[in-house]
Structure formats: C-alpha cells, structure tokens
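Chain naming follows the written order as A, B, C and D, and within any one chain the residues start at number 1.
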Amino acid sequence: MQTKTEESPTRERKRGDRIKVGVVGATGMVGQRFVQLLSDHPWFELTAVAASSSSAGKSYKEAVDWKVSPEIPQKARELTVGESAPPLDCELVFSSLPGSVAGEVEEEFARAGYPLFSNASSHRMDRLIPLVIPEVNPDHLGLIEGQKEERGWSGFIVNNPNCSAVGLTMVLKPLQIRFGLEKVMVVTQQALSGAGYPGEASLDMVGNVLPSISGEEEKLATEPLKMLGSLREGGIERAEIAISPQCSRVNVADGHLETISFALKKEVGLEDVKRSFSSFRPETEKLDLPSSPKKALVLLEGDDRPQPRLDVERGAGMSTSIGRVRECPVLDYKLVLLSHNTIRGAAGGSLLNAELAWRRGYLND
Amino acid sequence: MQTKTEESPTRERKRGDRIKVGVVGATGMVGQRFVQLLSDHPWFELTAVAASSSSAGKSYKEAVDWKVSPEIPQKARELTVGESAPPLDCELVFSSLPGSVAGEVEEEFARAGYPLFSNASSHRMDRLIPLVIPEVNPDHLGLIEGQKEERGWSGFIVNNPNCSAVGLTMVLKPLQIRFGLEKVMVVTQQALSGAGYPGEASLDMVGNVLPSISGEEEKLATEPLKMLGSLREGGIERAEIAISPQCSRVNVADGHLETISFALKKEVGLEDVKRSFSSFRPETEKLDLPSSPKKALVLLEGDDRPQPRLDVERGAGMSTSIGRVRECPVLDYKLVLLSHNTIRGAAGGSLLNAELAWRRGYLND
Amino acid sequence: MQTKTEESPTRERKRGDRIKVGVVGATGMVGQRFVQLLSDHPWFELTAVAASSSSAGKSYKEAVDWKVSPEIPQKARELTVGESAPPLDCELVFSSLPGSVAGEVEEEFARAGYPLFSNASSHRMDRLIPLVIPEVNPDHLGLIEGQKEERGWSGFIVNNPNCSAVGLTMVLKPLQIRFGLEKVMVVTQQALSGAGYPGEASLDMVGNVLPSISGEEEKLATEPLKMLGSLREGGIERAEIAISPQCSRVNVADGHLETISFALKKEVGLEDVKRSFSSFRPETEKLDLPSSPKKALVLLEGDDRPQPRLDVERGAGMSTSIGRVRECPVLDYKLVLLSHNTIRGAAGGSLLNAELAWRRGYLND
Amino acid sequence: MQTKTEESPTRERKRGDRIKVGVVGATGMVGQRFVQLLSDHPWFELTAVAASSSSAGKSYKEAVDWKVSPEIPQKARELTVGESAPPLDCELVFSSLPGSVAGEVEEEFARAGYPLFSNASSHRMDRLIPLVIPEVNPDHLGLIEGQKEERGWSGFIVNNPNCSAVGLTMVLKPLQIRFGLEKVMVVTQQALSGAGYPGEASLDMVGNVLPSISGEEEKLATEPLKMLGSLREGGIERAEIAISPQCSRVNVADGHLETISFALKKEVGLEDVKRSFSSFRPETEKLDLPSSPKKALVLLEGDDRPQPRLDVERGAGMSTSIGRVRECPVLDYKLVLLSHNTIRGAAGGSLLNAELAWRRGYLND
C-alpha cells in the first residue's frame, strides 16, 4: 500500500465539500466529545448519530444526558438517533461503542464499506488493524490495504489507543527514536471521565483514591508496544520494552497524570533527554491537520507542573504536557506527564486519525 | 548501653503513676493529634502544652483552631499554653515543632534533661539521634547513651520519620530481613493533612493533583536507609538500597497511598513475598505497648484495596495496609500500601517511640 | 393503648436475654449501618440478614460491598443472607429496603407477627403507622394498637423519617413547644451517602453542586408536619406549619447541612430561641436508651460551625448540631443545623425507635 | 451630567485606537482574570500592571503565580510590575486591590485623573460612587459628575458589586420592574475562587461545607438595595426590600449557586415570573458592548440545573443562569441561580462597566 497523491495541505476543503460523518455510541461521554469536536470541523460534517436501541428514533437532544459543555451543539440537537448498524447517512464512522458490543458492530460497518475510526478496545490488538497516534506511528495506516484484502472488507477499521496509553506513548516515542528504550515503570492517576458515565460512585471518590482500574494495566502494558513497533511485511513487530504499569483513579474530572521512570539503551545526559522532548517534531506537523496541536509535547518548567487543572487544556486538549524530568537512581530518568483523556485520549485522537487518513489519501476512493 | 530491667509488660502503671508529658508545637495539626492521642493514655498524662509566643499565656482552647475531632479533650482545654522552651511542667516532651525552629528548641530541652520525642525533621538524619519505628529498628534506641555523652545532654532526643517514610519502611523491613533489598521505586499520593494547616490552598486541590511536594522526595530517599541500617559502634551504618521516590499531593484528608516496585537480592516467589508480610511479627508485639496495633502490617485481599477512605483507620490509624502484591516485569514485585500520616506517620509514631523507650527503661532514671 | 409496665431503665438485659433481630435490605448503605450499629448492641443481637434474591444464599461477607468501616463486624460475616420475606430467624426486623419494594414486604412481616422498624419511605405517611423521632413524638407509638387492630396484623410497623427531615424536626420541636411555629424556609446541602450506593456519579459531584434531589422536597415539606402533629383519637392531626424546602446535593460523604429561617407565633428574643435549644430535655433522656445521645441538640458557638467534617460525629452521629442562630429580617430567626444522615437519619434513628418501643413495652408480648 | 454623543455602536475602534488600560492588584485571582480578559479586547489594551511593592520591578511572569488558564497571555508576560499608585502608563485603571488597601489607593488614582473601575469593596456603598451592573442600573453612572465635583477629582471611580450580589441583583431586577419586590431570602453556595488565593485551606474543604463567609452576608443584604435603588438628585435612594442572606462555601472552583425565595408586591402567576426572566431585554443589549453576553439571563429547563460544572461558562461566564422557578409556600416563588464569581462577579463585571462608560461617553474627555 503506498500513500496516494496528497492534497495540498494548505488548501482547505470548501464547506460544501465536507465529508459526512457519523458517530456510533454517540450518547456516552466519548460520543459526546465526538459530537462536540465535530460541531465546527472544517473537513467533517456530522450527519448521523447512533446509539443503543433504547435511544434509537429519538432526537439527539432527547436521547443524550449532555455533560461536556453547557449546550449541545446546534446542528446535533435535532439529528435523529439511529441504530448502531449500517447503513448510516454518512461516508465515515467514528465509534465510541462500549467494548462489549464494539467488536461485531464495527466489523459490520467495515464490511459495509465504511472507513471506521474507533476508540473502542475490541480491535486494538488485532494484528491487521492499525493502532495509531499520528505523531507516533502514522505509517501503521499501511496495514489498511492488507486488512481489507484479508478480511474481505470494502471499508476498514483504524483504532486509537486507551486513554492512559496515549500520553505515555507520545512521551516514549522520542526516547525510543533517539536513545532506545529498555524499561518503563508507570504509575497513573486517572481522571473520572475515563470511566464513562456514571462511572465511579461519588462515595468512592470523595476524599479518596482507588488503587486500581479494572483491565487498565494490561492495556497500558501492551498497546504502547504495538504503536512503538515496526510495520513489517503487512504486520506489526512489537517493540521490546518492559512496561510495568500501576493504575489508580483520582477525584479529577479530566486529565490522566502519569509518573514514569525509564531505562534507555544509550547512556545520555539529562539535557539530551529534555531536548528529545522539546525538539520533537513529528512528521505529521507538516500535514496541517485541523485537530493537530501546535506542539505535540509541551515541556514545562516548574517543579509543580503539569497539573490537571492548569494544564489539561493545552493545545485544546491535544498536547501532552511533561514536567519534572530528572535523574532516577533506580532506572535512568523519571518525569511526570499529563494528557487529556477524553480529547487526546479518545474522541480527539480518533478524529486526528481520520484527518491523517484523509491527508494520506485513504478516504479518497 | 544495655536495656535496663523491664517492668512486667502486663502490669499497668496505676493512674497516679502516670508520667507527666508536655507537647511543644501543640496548636498545629500534629500537635492536635498528640493532644488527642494523649487524652486517655494509660501511661502518659498531658500536663503541659507549648506553642509560639503569640499563643503563650492563653488557655489551650483559646489558642488552638481545633480540627481533628469534634471537641478538644476536656483535660487539655484549660491548660495554659507555655513558651516552647524549658522548663515545662512535665517529665517528657513531644515535639511537633515546625522544622524551621525545631532544631534549637529541641536541643535546649535535651540539654535541660528532658527526654524528647520529636516528629520534626531537624534531627532525623543526625548521626547520634535514633530515627525509630518500633517495629523496624527498636535497637537504634541504643544511640541514646552515646548521644547524651557526646553532646553532654542529660536528656535526649528520639525522632520518628517523615509521614511518607513510615509506611514504606514498615513494608520494606520484612523484605529486607527475609530476602535482601536492592532497589525500590515509590510513587506517593499524599494526603492534605501532611502539609499541616492551612497547607495547600483549596483552589489547588479541587479536582486536581499536585505532582510534587517540596523537600519530600529527599526525605523519602534517605530516612528509610537510616532506619533499615545497622547499629554499629555507636552509629548507624545505612542500608544500601537504591530508593527512587516521586511524591504527589491528592485531595484526601488523611492517609498516604504509596505505589511501589522493588527488586530483591534473592529470587523468591509471589507467595513468599506475601507471607513475609502476613507473618511479620516484630519483637515489639511482645512488649504490649498501648499504641501498638494488633497487626503492624495488614495484608488485604481485593484488587481495590487499600483505599484511604476505607482503610486509613485500621489499627486505630497505626497499622500499615498492603494490597495488590503482584509481579513486576521491570523490578521483581509491586504493591500498594497505605499509612495514616498524622497518626502512625506523626503523633502516634512518636508516642509509640516513647512507649518503647519506657518499656526499654530509658525513662526510668 | 396504654404503655405497659416498663422494665427498670437501669437494669440491663443480660447477654443471654438479648432480642434477636434481623435486617432486611442488609447489603445497601443503610443496611450496612444497621449491621455496624448492631454489632455490639446491649439489647439486640443480629441473627438474620436478608437482601434481594441475587444475594440470598451467600454469606453476608460475600454478598456485601462493605463501605462504612474498615471491616465487616465479625458476627455478621458468616450469617447467610436470606430472602426478604418472613420467616426470618429473629424476633424483630429492621428494614432498609428500597422504596420500590418496601411497601409490600414490610406488611408481610407485620402480618406475620414481627415488629418492624423501617427506614423506607413507603409507609411514612400512612395514617396508622407512627413516624417517630423519640425526642420529638414518642407518644405517636400509641398508633400501634389501632394499626394492629385495623390492619389485622399481629406485628406492627414503626417508621423513622427521611434523612433530611430528622435534623429539621429535632430543631423545630422546642420552637413549636415554647413559641409556636408558623413558617419555615429550609435549604439543604445533603451528603452523598443519602443517595445510597452507587448514588450520584462522581463526575456529577467533583467540583460541583446538584441543585435538586428527586422527591426530597415533598418529604421534607410533609414528614415534619406529621411528627410535630398531635395524637388524637387514634390518628395524627398534622401540625399547621408552612414549610418551604429547597434541596441540593454536595460533595460530602456524610452529614446533611440545613440552613433555615422561621417565623414564630410569639414574639421572643434571640436568647429565648437559643435557650429553647440549649435547655431542650426530651422525656426520652430519662429512658436511658443505648443509642440515645447525651444531648439531642448541641448548640455550637462560632460563626463557622456546624461543619460536616468536624461535627457530624457528635453524639456518635446521633446529636443534631445547631449554629449561627441569629435574627432574620424576612422571617424571625435563622440558623444552620447538621445531622448525620445514615446514622441519626436512617439506621441509628430506626434503632432508637426500637429501643423506645422496647422500653415502652411494645416488644414484650 | 449628560451622556455625550455616543459613538456608533457598530464602528469598532481600530487597533491603534485602543484605550491603554492598567490593572492594579494584578497578581491576585481577580487581577489575573482582568489580565486574561484584556488579552484580546477590541477596545482596551493592557499596558500596565501594578501590585504590592514586593512584586514591583519584576516582570509580570515572575511576579504572578498564574492560576486561571494554562498560560499567561503573551503580551502581559513581559510587562514590568509597577507600584499601585499613580502615575501608571495607561488612560484607565481596573482595580482588584484587597479591601484593606483599596480605599486610599483608588482615590489617589481618581484624584490623579484616572477613570478607575473597581472590584474592591471599599467604595461600594459610598453615596457618590456608582455601584453598577450595566443590565441593572446603567443610569447610576450619572453619579460620576457629582462625584468629581464634590470630591474635587479629575478622574472618577465606578464600582461593581460583590461576587455574590451580581447574580442575585440580575435576577431581582426584572421582578422589581414588573411586579415590585418585598422580601428576599437567599442561601448561597459559593465557590473557592471567591476567597482569592490561597483562600480557604484544602483541609477545610475536602468533603466539607463551611456554613459562613466572613462579612459576606452584610454585603449581600445591602449592595442589591443600592443597585436596585433610584438615582435622585445626585444620590441613590435605596430600594426598600428586605433581604435575608445566609452564605456558605462549597468545594467548587468557580460559580456561586444561590437558592432564593421572594415575595412580590403584585399577585402574579408562575408563568408571569418565568416570562419576566425569559423576556428580560436590558437597554445595554443595544449598546453592543464587547463583554456583554447575548443573554443576560438564561432560563434553564430541567430540575437539575443550573449546576456550576455545566453552566458556569454560559455567555463566556457573563450570563446568569436560572432554574427551578416554582411556587413557594412561605413567600411567593423560589428558584436557583448561578453566576460566575470571578468573571461576571469580578473582573468581567468591571470590564463591562468600563465598556458601558466608554459607550456613554464618560471616557472621551
């Protein structure tokens, strides 16, 4: 599969040219973020929303318990909620379905010819489905051709990773490229919105921390290895890095904070490590994608940063903040990172994947 | 220095026999805990409170902004607050002075003949001053004789460690004894009361996490090494363990949660590690100390434990809870621990040190 | 109905004499409080727990997601959870069933001969069922005889009020007796545990206030009128007071704070109002009931009290705290009150009702 | 004083024409909001910042502990912090000085010829100084002429009210105009940022509510009366309304929630009351002021609104949200309102006052 002729990155599609997109799982927390982020998108126009059958047939404003901003975007209010199955009145589908049902439904859409960009966990580790962060492994989109062929689909599926894996992988990428990575310890303090709605009970969170998140550590130990792996002969050869995660839930609305230590393959100085972050210029920056932040990684000064309250909105929620880079007496270096879990870690990440696919010509058939 | 004849552990001192004790720094958060814990103590009777000169001369109830329970204990209410300097109407002094003033004041008391049990940081790493957790290193009280001699004091100082170091050291002790310890990674989520009052601003904590605590990581990297070290020729030979701490502040009232990974010297199985905790029977259990919890270490089942809200009061705040013991792909094992920071980690820990000293005969001169 | 010969209040039943009691709805938040409060009760012995059929047959420790203290009480752990229907191995039943099922199940127990003390809302406004706070309207137990007769039950039902109504009614009682009451405005700030478990979603509560609680205002407008009403000819003549409630939910674990203004029938001074609280000596104080607090009403000095964190545990959660009593330019006076919603406002209140009934001889058949 | 010829409301001042403005008290919470809101203002250009002498001489980025957004606005970063005294390099001054120093400093600026728009409390009830909400009492600017004359100032002072008084007064205004107002009960649940920084201690707020706010109730009882009063013979005749406030602090970052009941002079229906809000069209709407929200009052459906988290940002923090309008059995009607305390209730309100003054010609000398 080679990339097709790119459109000029500077030419904006005209309004009338916008791609019609649908969101399945549109009433959940991540679905709401999709609807919000799509409300004024220069390339994509939201024309369809779908949810569980109990919502189907209602207007979106009736079906949703809107939580992510004061008002439901005007254009979405009157859309009729459809069933989560093809056909939908759109050319491209975003999925924020719960893991329990995503697997089958998403494949139906791919089979029916839709490019589908999923935030669900079902297909993330599927060997034919690219698990992508545009700044990290844009070339993994190369799996699409083989996926379509082998599965016999006319559409395809592209996945973004778990909300806790995005920030970590973003930070590991420049380290891997420059110095090689051997080991990573990561302790997360994850936000409430990562558990969906209603998510954790308020009684469990008031003045408290939950010391585990079901299923999260396995995702955090494996998804980065696929994304940091290499595209080889139509498959992904995983990176060989030992990742040891410990996940906790804290009483924060949005923003996963992660405290990490890592061992590198090369012996390098503290300034080299910092510079690898501050000078990180992913290829995708040249593509002028609408949801791409100006800086993928924001290196913060000040021992008290990043903080969820102050830093989660950096780059409109698409940047990863890094602070407290310093030596570690057990591994080599340690630091604290922060990433917005429902924007960069979910809806925004999926949207950026679709923008990348469009630029790379995967939506032009 | 040899231990003097112990009193029979089962004989309770009669009321009339109780040792008169004073608290300096009595109006702060830890000072209040001292006053609370001493309000019904079988061996110690609170007869003096001291604080900064702005409080001196007032009754305790006027001077204190009481925060740790609904009511100031009856006996403390009418005590007149004295200056933080000898003489005080007592035989033994507890100190919860702020680090900035503790150094000098505490030495004055020792010089004046008072046994002083301090929660302040000033003398913790002083080579002649025992830094003690009774379950971990009761023998370090052996430094007292040399301390008195070399400093020319008729009294002495015994310190308890930083609130974040207690739980960690309690958990490391059985590992060190049984298997030998090489490396420890520790990420803390520390409670608000650890910062004293007023401590962190509420605006910084609502829906937020602070990714650092000033000065804390250095304490956490060094104090355990002294406590896990060996008493040799009148000094402490520090344990050789690499500890890498990362400290954060979370919106929890009481209870420091710590997520740790560690590498052992011996290759052992998961069950061996768990058993080292569940079978930990420190010598001090036989001493029947009033503030000693029935179980120093409580090994919890259930992936969602320990939690500050549910577990911080175990053993009346004197037990350390351990959960989620499992293998670590980077070091050997990992787990989550919880310890009450103002009880075990401060006033209660200091009180237990005094009880130990009494049993060991250091207060009988 | 006349009170039967009372047992001497000073004689404690011997251990072997304790009444066997059961709890239906034993796995919920209020059910857990019942189990906790009964774990060391001098008169009652917990011998049966019942819950929904999904829990029936399991041991209590397997069935419950214990949240109210570190450990499930030893004696309750191995009790087998029964179905919520007679017969249960006990002489008296406490009910914390959800309102949706309580109505029918509770009547079954009464029909089957059990005295049942309910925290559920189903029967609170039933004209034959006493809605009781022992310090407020102990004489309403007089409804029992007629209830049994008219309904043809060999057992009976006694109710305690909604958690938000207890504190308010306690505070209104001395005002009503001394000065007569005309109007009451009340704005509540209610705790999370009042919504049961899981209750409110944590995402709705972090850094937020919910400005309403479904169904709560109606209860708060009517239940006090029944309790402050008079027992007349086998029924209750409701008090004629206009109560206007506004209820909100705040991010507090336990403790309902209520801000009230009221107009009295007599013109009285501020000190008279305060004295009516500080001198309130309900008849029940003489009955020496195990769950009765020493002071039903605690009048606090200090403009910053009561506070949930500092005052909710007063009287072991059975006292109502009052602060900020002052003149109101719209009605006559205003104040702030605080009451523990799952102890005094639920399980503890029901338990106290049973103790009252026992003292009054209603359990002696 | 007569209003001077207005500029055409549709003509925007060109960039080069912008009025140079300064902020005194620029490093505090409200000062930061001023700096943020001024960072891209079409009429005003921030050219000076001033603070206490300990900050004077530093760059703004060194002097401030920035808390209100991820980054200090670019243009403000390098401004040198001046002393809080004239002269400042600007034509107009905004003041968010603490009450303790505001009185004298603000008068110095007025004497020195600066129009000063203050958020401080010192002059709010001064009979010659207009206390203004543009939607409520724009005509009170008419006090300016007499103020200058009587005080002998070449500049002048205009005040905005206390953060808790803005939303209340906005909501009372249409009621007063249409129906006449007699009595108002108001219970507030105020946000942390209203106390400035550091404000309340986090230990006092975690899982807690503070039942009073020092000095707040007096402001809330009197400031609305001045704003709802009439400009008569160079002074304000206060409105005769009995207002009874009770203020509390809750663990919310931004947004004061207020629960009110009120008695009207006319007997009107519920729909009339609602319509008075939904049809409220203040004169200022025609003035096209940059900081004016499209709707001053937003009437929300849904019993669960307004909520701080969901509604505080309505109208970019300048709208007042109203919900739960319903009958009150004690007074006539009751409702819940929400207003952003540091935007509408402080910096944004002051800015809007300056915009009004500019439109009205008071800045054209």
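Here, contacts are C-beta pairs under 8 Å (C-beta built on N, C-alpha and C of every residue); 3 or more make two chains touch, one makes a residue touch a chain.
Everything quoted here is computed from the prediction, not taken from an experiment.
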Pair of chains joined by more contacts [C-beta pairs], B-D or A-B = A-B
Geometric centre distance via CA averages, chain D-chain B, whole Å | 49
Starting from the mean Cα coordinates of chain A and chain D, work out the distance between those two points in Å.
-> 40
Would you mind pulling out the distance in Å between where the CA atoms of chain A average out and where those of chain B do?
-> 44
Interface hub residues of chain D, defined as touching at least two other chains | 67, 204, 206-207, 251-253, 309-310
What is the shape of the graph in which nodes denote protein chains and edges denote touching chain pairs (line, ring, star, complete, other)?
-> complete
In their complex, what parts of chain B are in touch with chain A?
-> 183-185, 187, 189, 204, 206-212, 214, 221, 242-244, 246, 248, 250-253, 257, 259, 261, 303-310, 323-324, 328-331, 334, 336
Within the complex, which stretch of chain A touches chain C?
-> 29, 67, 192-193, 197-207, 251-253
Chain C partner contacts - residues on chain B that touch it in the complex = 67, 69-70, 206-207, 253, 309-311, 313-314
